[in-house]
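Here is the structure we will look at, set down as structure tokens.
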Amino acid sequence: MEIKMKKKNSIMRSIAAAPHIFWAILFIVLPLIIVLYYAFTDSEGSFSFENIVSLGDYAPIFTLSVELSVIATFVCLIIGYPLAYIIAKAKPEKQRLYVMLLMLPMWTNLLIRTYSIMAILDDGGFLNTLLGTTMHIVGTKGAVIFGMVYDFLPYMVLPIYTCVSKIDKHMWEAASDLGCKPIQVMTRVILPLSMSGIISGVTMVLVPSISTFYISQKLGGGTFELIGDTIERQFVTGALNTGAAISLVMMVLIIISLTIMNRFSDEEGGIIV
Amino acid sequence: MKIASKIYLFLIFGILYIPILTLIFFSFNSSNSTAVFTGFSFRWYVELFNSPETFVALRNTLILAVLSALISTVIGTAAAEGIYRMRSKLLQTAINSVTNIPMMNPDIVTGMSMMLFFVALAGILGITYEDMGFTAMLISHVTFCLPYVILSVLPRINELGDSLSEAALDLGCTPLQAFFKVKLPNIMPGVLSGMVMAFTMSLDDFVISYFVGSSNFQTLPLLIYSMTKKKVTPDMYALSTLIVIVIFVMLLISNFKSGKKVEKKRKAGGVK
Amino acid sequence: MAKLIELKGISKSFDGEKVLDSINLYIKDGEFITLLGPSGCGKTTMLRIIGGFETADEGGLYFDGTEISDVPAHKRNINTVFQKYALFPHLNVYENIAFPLRLKKLAEDTIRERVEEMLKMVKLAGFENKSVSTLSGGQQQRVAIARALISHPKVLLLDEPLGALDLKLRKDMQNELKTIQQAIGITFIYVTHDQEEALSMSDTIVVIAEGEIQQIGTPTDIYNEPENAFVADFIGESNIIDGTMLEDKLVRFSGHTFDCVDGGFEKNEPIDVVIRPEDVDVVAPEAGMLTGKVTSVTFKGVHYEIIVDIRGFKWMIQTTDYVSPDATIGLYIEPDAIHIMKKSKYSGMFGDYSSFSDEMDRLSDADAAEEF
């Protein structure tokens, strides 16, 4: 009797979470189960490995997507870390200004940003008109990578900035007091301490880059197909089973890489958005 | 060193802003080119305001964003309180990880899974997919907004701890009164920022809407997407310019507010 | 003992506000020296200039006779124990302590040996693999000390290192720090606002207020012969009374003429008289040199603390005999209990207990602690 009371009590304690739990099961977990179902059935609804097996054909697309998004993420990190560091070390009122300058493009719709780059870089676009040249940029890998970097750079900078600005200012002094040259202060102390920011930055750039379809459509000039494009094509043509199978594989890939990355950051790391 | 970092900031922000500035620039073009500027005009703005499509999309987007922000804020805030009071650490972690799935998952996978879910649901209910147009969209938006609300409310609740609620209970509040009269006002900043976050996420979303949406419910991002499918005329630039300006104003306001808060704190705490 | 560090005319301003005003000070090799002063007096800035984290606007800083103002912190043979320890959260205890040796690329064996030795000295043997964030304040403190000492610096700077610890731990750490300093025999420069801490640990105390040195001396000198009203009030409790020096060894205050032991003042020079509360004997009114009315009595354990109104000036007196409030008592003061100070800009600001209450005392302590 008493045990029952206790149990009831502990459920009552967290009753406020009930609508959310209900919602999450219905609209997060269930749809994923349906993806799983579609991935392992054919269009008639009978069980089949066909979709998964046929994914071998998409291997080059997967490779290309990984290649482009990894390069883009790396470039974002190389450009973004110094930017985040400079912002974190600026005066407080300047910091607010810079963060706002980063937020504006971030909150501007991705479609708009991507399209405007395309309009600039296109064969008959603003850049070529301005310079009177006939450079062919849109349709190259470089253009797609540039698009990813341009679109997702703020997602790299903001978490690193947050992380660096939280580092105790005595860390710099302690490192140099104990004998670090300026460069060693960075490599030995500050970089390791900003690891959690770097990891969330990398995640926040890698995930949308690897799954994008708009950037490759516009800046790839129709010459590239990335995983995102493939899923979108299956969706448009109604090949939902294959689409589900590709989505499933992508999700698994991302879960694996997130887990590996989280290993690098210790307990306080985690993913901070 | 100082100069080098100034140059670096200038360079990166320059590159970040050039596309947005060209877009604004060409929205005032008198011809329909987005590469050659032939003269200043408001032609595209006039055209934009004359198209009923734009207004329908704008109205839809706002309705969707407001509703999904409100619903996700209510469910999410309650959820945060519930999760906080949960005794089992394991259950807490489990719920948090499930909640965060739409945030960690690529939008395209979330979109795909939602779409398949609604296809199946329509089948079961014996209705057409189009019948669910708005409802499907709203459910999807609430789903991906929820983690942002919980993520901004939960830390506030953790920070606040139990002492205030306990004091309220001690002074004669019922648990419900304690929550609404004492706890909620104190976690309000978190709730509000979660709501703003949800609102902007919904406003900005293209991928999930693209997968879940049906032709009878157009939002602004979907409209922009269909505009950029063909050769774009500057009316899309005009629309984008207006969006950028609205975002800029919103950012200025929030920045001004947080700036004031910092100032107040500094004054209150004395100069250190 | 030779001069190890010398500050010559060091001045420093922040945003136009002078924090240090032409400081001259030398620090001898192997001494435990404390920079003591209220918060905001410039003592931490002084320490940071010596450590190489700030540069003085004017003046010279000499280490073993060489000017080192332009030597960066990592090249100075001076290490610091920071206020909040500044341990590296990404490294465990062992790696934190080994950090300076790793930079010097010493052999693994040597590093292990020296880290173990340090751990033993700070009584943390066995803590090697612990994460620093799981340690208590006192343990973090020890790691910080070990890390700062492992590269055998000539000088250790300690910036309010015990500020975050509770009272009991503070006392233990005070003894331990003193023991460590005596064992390794290097110079410790210690910054604190706690006068008790300064008195019990230091060889030399430098009292600082408003960016200027008020007095340099041994703890007994500073306590028994404060140079001005600020020092007298800041170190321990003092009654500071206006007086006139009639001639050598004869002083008049509170309407009575006293024999004293000080001299060397002009005839009839106005001076400040310091009398410590414990140096006053309570006697019968008719036997007293002064008489007054008791306004409050507080039991303090080892003694009573009483406030006595003598001609409108409130004195604090510590006595082991109970006196009842409102009683009229006599006071007897020995000649060597009277200390005479020259007038200074601090005269008249301290030493009257008319607004004194325990609560006020505690409040101002909390204020001082809050800054850290």
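Lettered A, B and C in written order, each chain numbered from 1.
Here is the rule we go by: a residue touches a chain if its C-beta (ideal position, glycine included) is under 8 Å from a C-beta of that chain, and two chains touch if they have at least 3 such contacts.
Quantities reported herein were computed from a predicted structural model and do not represent experimental measurements.
Chemist: Keeping to the contact definition above, tell me which chains border both chain A and chain C.
Modeler: Output, common partners of chain A and chain C: nil, no chain qualifies.
Chemist: Would you identify the chain whose Cα-based centre sits farthest away from the centre of chain B?
Modeler: C
Chemist: From the C-alpha centre of chain B to that of chain C, how far is it in Å?
Modeler: Chain centres of chain B and chain C, defined by C-alpha means, are spaced 56 Å apart.
Chemist: Averaged over CA atoms, how far is the centre of chain A from the centre of chain B? Could you give it in whole Å?
Modeler: 17
Chemist: Tell me, which parts of chain C touch chain A in their complex?
Modeler: Touching chain A from chain C are residues 51-53, 72-74, 78-80, 82-84, 86-90, 99-100, 103-104, 147-148, 151.
Chemist: Across the complex, what residues on chain A touch chain B?
Modeler: Going through chain A, the ones touching chain B are 10, 13-21, 23-25, 27-32, 34-35, 38, 79, 82-83, 86-87, 92-93, 96-98, 100-105, 107-113, 115-117, 119-120, 122, 124-126, 128-129, 150, 153-154, 203, 207-208, 210-211, 213-214, 218, 228, 231-232, 235, 240, 243-244, 247, 250-251, 254, 258, 271, 273.
Chemist: In their complex, what parts of chain B are in touch with chain A?
Modeler: 5, 8-9, 12-13, 15-20, 22-23, 26, 34-36, 75-76, 78-79, 81-83, 85-87, 95, 98-109, 112-117, 119-120, 139-140, 142-143, 146, 148, 150-151, 200, 204, 206, 211, 220-221, 224-225, 228, 232, 236, 240, 243-244, 247-248, 251-252, 255, 258-259, 262
Chemist: Over in the complex, which chain A residues touch chain C? Could you list them?
Modeler: Checking each residue of chain A against chain C gives 168, 170-171, 173-181, 184, 188-189, 192-193, 195, 266, 268.
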